[in-house]
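Shared between the two complexes below is chain A, which has chain B as its partner in the first and chain C in the second.
Showing the complex of A and B:
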């Protein structure tokens, strides 16, 4: 049994080894999340072994009665949707600009991507001071502005990847066949980038939903979800917090899974088209 | 008065960091098939892109049927391009691809359907209407691209390396297809290619390009048999090139001296005081002389031989050190000379051409 064969997973021993490593890595990655889910069903679980009868959804039902939580949820949804709705087209514009540029492309990309690495607290503090100078009172709008700055580089990267898959010759062909620049963009570029634009929107929404450092400085009287959680944890961990974390995990996974399934479904449906659907 | 050319380039120049196309003037007559032939980097794709409207010339004018359209964008020009990678729309069906130009023009759906069906029949793709591009073979994709352009009945069809990247069988099939469409539809076609066979078999007229300048314009026969200089000669297969010690003009024939031998040559068709003359020969028309036969050139020392399927390539050296490669038949009856042996060669009844030595830039 050669070393090479083991490394390539060609022997049963090699396969077992790699399966174990993979399983362990995944377990380590997701253990904290799963533990949180467990605790949300039974807050006592964190103290040690308990009879299974004490697992219940009662803390999830308690969430529904929590008015502050409902407010935070609404705020986060509003901020997330506004952020995603703006970050997606602006990210697309950045990608288009990058493609059109002949000089300073590298600098342009670097400037966009650098925004990913600005520490959230510093950006939040700076933005909060700046917006005060401008006279903008803290509200969901100010949070959305902060989140836009945060999500833009990600949206731009997702759009850039999508755009790089659009062959320049397809756009040239559309122009050649009589389409003006806008028509070619709408008929060719946008449909070919659809998958990436949806990803860009979802990505920006989820990033905004989980962002706390910037929101901390920019929020008005109404907290977002992470801010609410942070506050609640500081005043002692309550069972509802676990239930709430559980909700976030389940919802996030569900959204990503839905989008992914939708995209995969769309891809596999593509070749087969219903009769009569051809639009000349 | 003849009608103006379908396309005319009037002293067109394109400069990036340095000139890519320099002061080119050419005409594509209505209904003709013109090919721009040149190696990569000769500026032929740049010319096509300027005609298509994708690049603006630095100087000069581009006229369609006598009208200056230099400043118009691609969508306002009466020509359509078949791009080298075709540029088919992967998110549309075959029918949607073909109908796209009509749709953009605002043609009603019934007419679009009728024209698309007709055009797909012409390129032998009936029944493929609802297929996606990724479900088609390379040859079928080429035909979709042709149909998509031809359905608009363009004044001029531009082909960018139409047969490059296809296997030999497909290339021959498509070459026939393009030729048939050209005759059937009477379309004016301008193609660019680096492939001499493609140019020879398809075109009425060939424009040989090098480094952004025209080296020769002529019919395939003219270019193939009377190349203007050594560059064109090598490009169309005159690979055997000899540098003479001196050249004497004559009335019927000219005489050149190579390695001490006097060689009768065709008088040069073009004279170019910037260059010396070279002798060019088709390597497949040279054979090894019988011992009793009067030879045209020799002695040569055989350096090596290489089997090439139909031919055997012989690499040899003259007494003055010049190398000469030529091809002999690979038939079993023809003896292949041993490396190191001394031979004499014959090329009668062909006479070498005397051409300006334009292999290097003046």
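Showing the complex of A and C:
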């Protein structure tokens, strides 16, 4: 995918209108969260903004003493790591399968992506009922099973994007020089896809970390972070929930921004094959 | 998805396609793990609950027993449940419409009017929130829209209103705002992918023939990106139908949705009814996606990613 400012010159107000609507869209996506971040720095128990001179991390320090939070954090980390550790290689294998397929690849892609559109409540309900019959007790394992289906489409797409940058001619060259298919994969394909595999892992981890609807049905006695937060948000919120929300947002945004920067950096470091554009 | 693919790698080299063909069992083997997850975790549970939706509640075990009945489907039309279906679909359609209206100009700015750097930055800005907590993003609206929120404070200090505006929070308005902010990326990404497929020469040609920006946009660009627009609308609609947290955090008293209704029905352990609701939703969504895919060849959108 490549963009090139394909319309240049005068736009009769089009550029202004598009820019305004884009700014408005970004504002509704970011402004409430920014406001929450600033409000979390207010040391008073009352909600609202205070002048920057009074900013305080009081509520953030209060988080450290919350035992239930620590338990939820541990549970979520366990689920997230297990989910990402499974989704990344399975997503890679799906991407490799798609590339190797000649027939039915459109259907295969649609099947893999369809999991993205199954409502979380319904997937959670179906899976928890099935696991009940199978006899698997709810725990972090059952949540990770549910999250694997939810994160797999994203892991597969990130791997597919990475794989599309591995030129078949490079692989063919390695094979001509005597490398077997596995050797070529390990020595050529995997290193070229390193950034995408890291991204795939991080995205799967974050999607799992922030998922609530499936976890609601699949969790055992120990809550995950979103389940803990949902409870706190609906029970006369103490200001620590603002601090906690702030922490989650800042950490997630920072991690995703780093990953995106890595992906873009990798693209620009990659040597160009030939000048000019291919037109597909 | 921000990554720009400069080199399209479809095997041009003669002989390569044959070598891929010869390896078709490898493709099949590689597909096995993901298909196993799809079937084992996705398809089988949904097929099971579709079956169990025709069973009956068993008061002895607080579970279900294989006594076949249509009672759960008849119950779908009782206690205002059909209204919840319609309301959920209506709110999702409204969310999808608003998201699409915002997404077309935003995707246009990214796909038509920006250079590669700014396009990547904007696309990143629109996709980053998706990977953060939806719960926190919905909750943040409470602080903005509440009685003591920033909007009411501003309106009151400016003297525009005397008492806080009540309908801002715990209302359909708040839910709509929260859902549009949350699911806008689902509309933007397919539309951006559609923009990326436009042949630059077509635009140049129409401009050389004297067409202004709006003529080019309305007569050339919009028809070309229409599949992306419909896909974007559909993606937001499908995701919005399934969600519950925006309504639970921002909706008014008694506001419901299909997902909340399922939770409520389970609270009184009416498993067959919960399964019936889920089955109807999954069936309708599947039909919708299959029709859209037939009409628009949705999987083709992904060709823009170079995959």
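Throughout what follows, the second predicted complex is superposed on the first by the 215 of 280 C-alpha atoms of A that agree within 3 Å, B and C clash if a C-alpha of one lies under 4 Å from a C-alpha of the other, contacts with A are read in each partner's own complex, and residues count from 1 in each chain.
Throughout what follows, a contact is a pair of C-beta atoms (placed from the backbone, for glycine too) under 8 Å apart; a residue touches a chain by one contact, two chains touch by 3 or more.
Not measured: the values here are computed from a predicted model.
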Just to be sure I read the superposition right, which of the two partners does A:121 touch: chain B = first, chain C = second, or both, or neither? second
Touching A:152, do we find chain B (first), chain C (second), both, or neither? second
Go through the superposed model and pick first if A:245 touches only chain B, second if only chain C, both, or neither. second
The answer to whether chain B or chain C touches more of chain A is C
First (chain B), second (chain C), both or neither touched by A:28: second
Once chain A of both complexes is superposed, is A:172 in touch with chain B (first), chain C (second), both, or neither? both
Touching A:67, do we find chain B (first), chain C (second), both, or neither? neither
On chain A, the residue positions that both chain B and chain C contact, one per complex: 167, 169, 172, 181, 270, 273, 278-280
Can you check the complex and tell me which residues of chain C touch chain A? 1-11, 13, 16-17, 19-21, 23-24, 26-35, 37-38, 41-42, 44-46, 48-49, 52, 63, 102-103, 105-106, 108-116, 119-120, 122, 124-129, 131-137, 139-141, 143-144, 146, 148, 150, 153, 177, 180-181, 184, 193, 196-201, 203, 207, 212-214, 216-217, 235, 238-239, 241-245, 248-249, 258-259, 262-263, 266, 271, 274-275, 278, 281-282, 285, 289, 293, 297-300, 302-307
Applying the document's contact rule, which stretches of chain A touch chain B when the two form their complex? 167, 169-181, 183, 187-188, 191-192, 270-271, 273, 275, 278-280
Chain A residues touching chain C in their complex are 1-7, 9-12, 14-15, 17-19, 21-22, 24-26, 28-33, 35-36, 39, 47-49, 89-91, 93-102, 106, 108-112, 114-115, 117-123, 125-127, 129-130, 132-133, 145-146, 148-149, 152, 156-158, 160-169, 172, 181, 196, 203, 206-207, 209-210, 212-213, 216, 226, 229-230, 233-234, 241-242, 245, 248-249, 252-253, 256-257, 260, 263-264, 266-267, 270, 272-273, 278-280
Counting only contacts in the complex, chain B reaches chain A at residues 52-54, 73-75, 80-81, 83-91, 93, 95-96, 99-105, 109, 112-113, 116, 129-130, 132, 134-135, 148-149, 152
